[in-house]
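In the two assemblies presented below, subunit A is common to both, partnered first by subunit B and then by subunit C.
Moving on to the complex of A and B:
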């Protein structure tokens, strides 16, 4: 019953590459991956981080802050090649998937241990995946969004485990490579969610361990000396070259840049577009790995009466001049979005023809929909003004959110649509944001290099960012998330993108990179598939 | 001794009041810290999971129950966990309090030294223009935004001249710029009060007498004026302690220092009740103690108060 394909060239990935041929945007992540000369061992790397990680519970690694730490302390069953998106061996040396993607069997590498000495065997993997796949409500540990339809796991022998699913779960293999599925020592999962706020509590088998933490300020990672189970494709198969990595939280943009350029830091995360010139002019290196998932976009909530009419949404989409946004606020590091998915994402299709900037068409659509310009130029219908409220937080999850919104506000004014930009206190933010009647707009993005991402982002039972009840969208998403045949699944993902574009459910703006600045003597600084930093192969040349 | 006990009793009442008022205010505010924590789309949780989590965190229990629960927990030394990310509050405070205490203590110390220097130098200044210049310094100090001052000091002293490191510095090195940033604006009101009270004291008849006896200007200032002029400044210094916390928020953010200021800012924004309660209590304790110290200092500085206190 098992197809014996040992999936090193996953169909999804291969297909994505074919689809992408010739149109992919530059992925600037490779600049430092080719090491020059012989790696130097030892040393401490100072890494400046924009914010402190909230929780290191693996399933919550979506945030850049926690993902950046977990990627260095937690191993995964598999490794996704950041360039080809292939799934390749890591803690699992091989695996089999049955034809309808409901049973996955993994063979584990022998001799792997967690940093507390507990062996990383099938029992440990079972405990991790049972928790991530089902959640543990008694301990407040939520289920992972990347694992769908999980039923249970069976330990076949100490180094073999089989996972069973209630329904096809074609995204599961890639899910095993994500940071969200980071393997932790089983005893860690006997504690509740709050336990994961303390970094030293999180015991993994990764190339680094957490030596100490000053909450909100600094996390010190030290290399594990006996680490010998890097991903098969890693350039460095042994322990990390660095002895130590200091993650220091520095929220001020200008202080991070100044520290890097004055030699006080080696790598910094988040270089704003307007600061990029400073970094390169000083001979430092700019790295901008793409996050390869759902693009930065303003998404509509069709259940809000102001935008329930597809023509109104289409008019708003056509009023947005993406080129102007890109040229005014950003740089070539931030490619303009041409679909709701990144052009480096699996299953991407170009939908930009549905969202071409066209002021005349936009105005006509609004006129036809019955929204007539009022005395102040803002359109009205039945005494109601076409003014949309949008909430953002500073710093938000997306680069220069406030500036982008202000430019969109100007652009929308040209067609008589008002935009009310609000930044509520963080205690109210989430509540307001999740009420479609409070705001018809939602700004967001998601990084995951798998066909699954579109479903977990828009799906009714997942993030459901549109707060939508469109049965046709749900039907298309269901196909995309459950079709075991990778070609058909990629086709379904394309159908979703086209449907979202035709329905004007979102205004894709940019393909989000994570932009890092690094000193010229930093070598072998790499990223996993969606741009989270990895220090296992990093070394510092003499300087 | 009886005086001390009475003051301690008053202190306890102040602490209870601070705790209760903070609790009521936090409850009265709209917004929901737990909701906010788990609605973060990066966590990828469904609404079903979120409502389950809210229940498991005890959201929705009657107010009086929550009040007595948290009051009892505080009394027994259990400060609970942050609602924002689950960090034990005790750990947050342990990490922040020493750092802020050192920053505040040195900030206040240097503010006092700076104020004394400005005030006494201006009193001794031989020329009117120098005197005017020195006396206008406090106005300049108070007008400089703390945030801007911090950024400027970093840009010039750390990034351009590379005199001090602000990333991963040594314990003393790490204090230089933050203490300067804190002390400069803080010294301004102190200096102004000192300048005024020195001027006033210099006009007192006993100074004229001392001067007539042939005391030099310096001797007059140090032996006769100083003790009298310093009294109002001590009162102001006590009050400035509140200002210290406010300035510390900005200073700690700019320098990326962990501290009570930064924790408070984040906790208030997120309505992280357990953290805010803990910070309010700590601040209240500090205020009670500082005021007690100031009151105890008066009799030491002023002989008249000493005899009156003894008489009571």
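Moving on to the complex of A and C:
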């Protein structure tokens, strides 16, 4: 069995890789607003959110809309330090992992209760993890994408639980800290997925509880008065200073920014790059924690005949001028991607040499692949035009998706590749997006500060964004997801990045931050490891 | 002295024939015609008015305020907004033409049939038209687009369908009036074929107000198409559609007012102009 110290050592080794990789990029991970002075208790904070959460079922709260709420109402077994990325105690006060990462034993803190009075004990944790690890098809509750190879859990005593895995699951410790593993009262999991669309139904042990909800518009959180089990590293060990947080959904960028600057809102999520100047000029605070996972990228679906040829994909990658995209649409808050993983992600390796902007090389690759320019400048082969369809939604999960695509469209036109930018009705979107024959491209990203993230994103049994069963990729991912030795695992993750870059499976665009604007009197506003807001230590100075 | 003064005054009050005709033409109408003519010219030969490609931006020149170089400023990708408005006029005008065409043809056909065939057919058609009128036009066009799919042509068809009811009602009322006139009865009585009489006598004599309505509908179709474009149902990017331009610019409203204001102003000017022109057409018809 590993001792806890050994685990910390491993985390530190992983961290060293991250720090080495990260030292090249500017420091943008400013993860909290100033916290000088004595905290003031009381008050209501108005938070403007870009989109309404679809479901608060924990495994689906990877989306920042729902994750931002769950982060304040659900506790987790462990807390990942957003700066050092170490896994530290929270509901679990200590843990042990065996050598091949197939058995994890957690000791729980005593006296923790859910907001309905049910104790948070080993039985409750077992119910939660059995559901997250295996899913519950009868209730339509899906399995968690961050937990791999889960077998079962055993309650040792009321405050001790052991998890068993079918195969090594080295990412599990970090998985217990993610928003996808938020702990809910066991009775909540007796209901089906639809139950989680109503925020007041979701009972957790977190610093806030949901008082009321107007679906699609507003969710009101109130502080839990008896909260006394914050993460060991949290500055505030007691109840939240704030009495109330009002989450108001406001999809219009201009309205959010206007509300913040006119004093009608205290914190807003998603400040677009072109509005950053307004925020800082008014003396407001701009916070841009990085998401530290899979970068914003346009991914190819190689099973679509248009992009099945690796040379065509390489040509398209080389036709994209990332510097122009960055300079035209973004700011220094959005570093240019140099790999499919963020340079702050564990196991990052620079693969930008495979995707250098080179128009001549791009044209030559397309010529050699048999795509000759047609009368309208768009290349064709055997009567088929090289026009790719791409679907997006507005507002999408990535910043300025439409503008970015328009610029890419402009750049691809220069080498004779067409891009049709389509925004289908939301009812058709998922179907169209998941069919590689309807679109050869998929835009996405994933935020999670662990080596596991790349497997979660590309793995065939997970998100499988490429919709392509490339056995070599799956073999590399399998090593990355189940190799208990941290160094070998990091190496495997690097191999995956290089393989993806060589195969030109994706066009990494930028390293996505979560950009928040906050009024200057907001103190102690913090984030979890990948930029989801946490209001437990937040207080409002006199203003 | 007095006589001289009177003579001068008479000269002023007695203008030449041309000036008199010009005086009767209102300046607003002239401006309206001018605006329509310019926009039609934009739609037909946009390359005469702008040299640049409206879909290619210059990244170093993004979000520039209106200046001599860029009269309407530039957008977030460094594209000239005036160029985009000029090239976009084609989508709006063609769209409005298609919309009015759909409404005119389908509406007139329904109206003529309802006004001439049996009472039962009349009832059935007019109740369907009542249903069409009862649904708010924006909601109706949104539902139709959902069925047809997105795109400029589909948006035009959807907008056209919402005006079918109006055309059908107007045509029917005219047809009912004309049908019972003596010359139509005479034509039928003298052995004229039903469709022949319909085509030669009923239709031409019922069309006057319908033509005035189509001119009026043209303006509101431009507005409806812009509305649907704003909501994202029209042409996909980078098509410079007016409604879409206003929609895309709204996120920059605090920092770059010209992105929404200027294309929006053009839509307003064109819609008001077509309205003014259609009113003058209607008056001439009546007069």
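Operating definition for what follows: the second predicted complex is superposed on the first by the 514 of 543 C-alpha atoms of A that agree within 3 Å, B and C clash if a C-alpha of one lies under 4 Å from a C-alpha of the other, contacts with A are read in each partner's own complex, and residues count from 1 in each chain.
Criterion: a residue touches a chain if its C-beta (ideal position, glycine included) is under 8 Å from a C-beta of that chain, and two chains touch if they have at least 3 such contacts.
Source: prediction; values computed, not measured.
Chemist: State whether subunit B and subunit C clash or fit side by side on subunit A once the two structures are superposed.
Modeler: fit
Chemist: Is A:234 in contact with subunit B, with subunit C, with both, or with neither (first, second, both, neither)?
Modeler: A:234 contacts neither subunit B nor subunit C.
Chemist: Who does A:405 touch here: subunit B (first), subunit C (second), both, or neither?
Modeler: second
Chemist: Between subunit B (first) and subunit C (second), which, if any, makes contact with A:258: first, second, both or neither?
Modeler: In the superposed model, A:258 contacts both subunit B and subunit C.
Chemist: In the superposed arrangement, does A:425 touch subunit B (first), subunit C (second), both or neither?
Modeler: Both partners.
Chemist: Touch test for A:274: subunit B only (first), subunit C only (second), both, or neither?
Modeler: Touch status of A:274: second partner only.
Chemist: For A:479, is the partner it touches subunit B (first), subunit C (second), both, or none of the two (neither)?
Modeler: Neither partner.
Chemist: Would you check which partner chain A:59 touches, where first means subunit B only, second means subunit C only, and both and neither mean what they say?
Modeler: Touch partner of A:59: subunit B, not subunit C.
Chemist: Between the centres of subunit B and subunit C, viewed from subunit A's Cα centre, what angle do you get? Round it to the nearest 10 degrees, please.
Modeler: 30
Chemist: Between subunit B and subunit C, report the minimum C-alpha distance in the superposition, expressed in whole angstrom.
Modeler: Taking the overlay as described at the top, subunit B lies 5 Å from subunit C at its nearest C-alpha.
Chemist: Need the overlap of the two footprints on subunit A, from subunit B and from subunit C, as residue ranges.
Modeler: The answer is residues 252, 254, 258, 425 of subunit A.
Chemist: Give the list of subunit A residues in touch with subunit B in this complex.
Modeler: 46, 48, 54-55, 59-60, 62-63, 135, 137, 140, 142-146, 180, 193-198, 214-218, 246, 248-252, 254-255, 258-259, 261-265, 397, 425-431, 433-434, 444, 446, 456, 461-465
Chemist: For subunit C, which residues count as touching subunit A in their complex?
Modeler: 55-57, 59, 62-63, 76-78, 146, 150, 232, 236-238, 248, 250-255
Chemist: Quick one: in the complex, what on subunit B touches subunit A?
Modeler: Touching subunit A: residues 29-33, 35-47, 49, 52-53, 56-57, 81-82, 84-88, 91-92, 95-96, 151, 154-155, 158-160, 162, 165-168, 253-258, 262-263, 266, 269-271 of subunit B.
Chemist: In the complex of these two chains, what residues of subunit A are touching subunit C?
Modeler: Against subunit C, the touching part of subunit A is residues 252-254, 257-258, 272, 274-275, 277-278, 324, 327-329, 394, 402-403, 405-407, 409-410, 413, 420-425.
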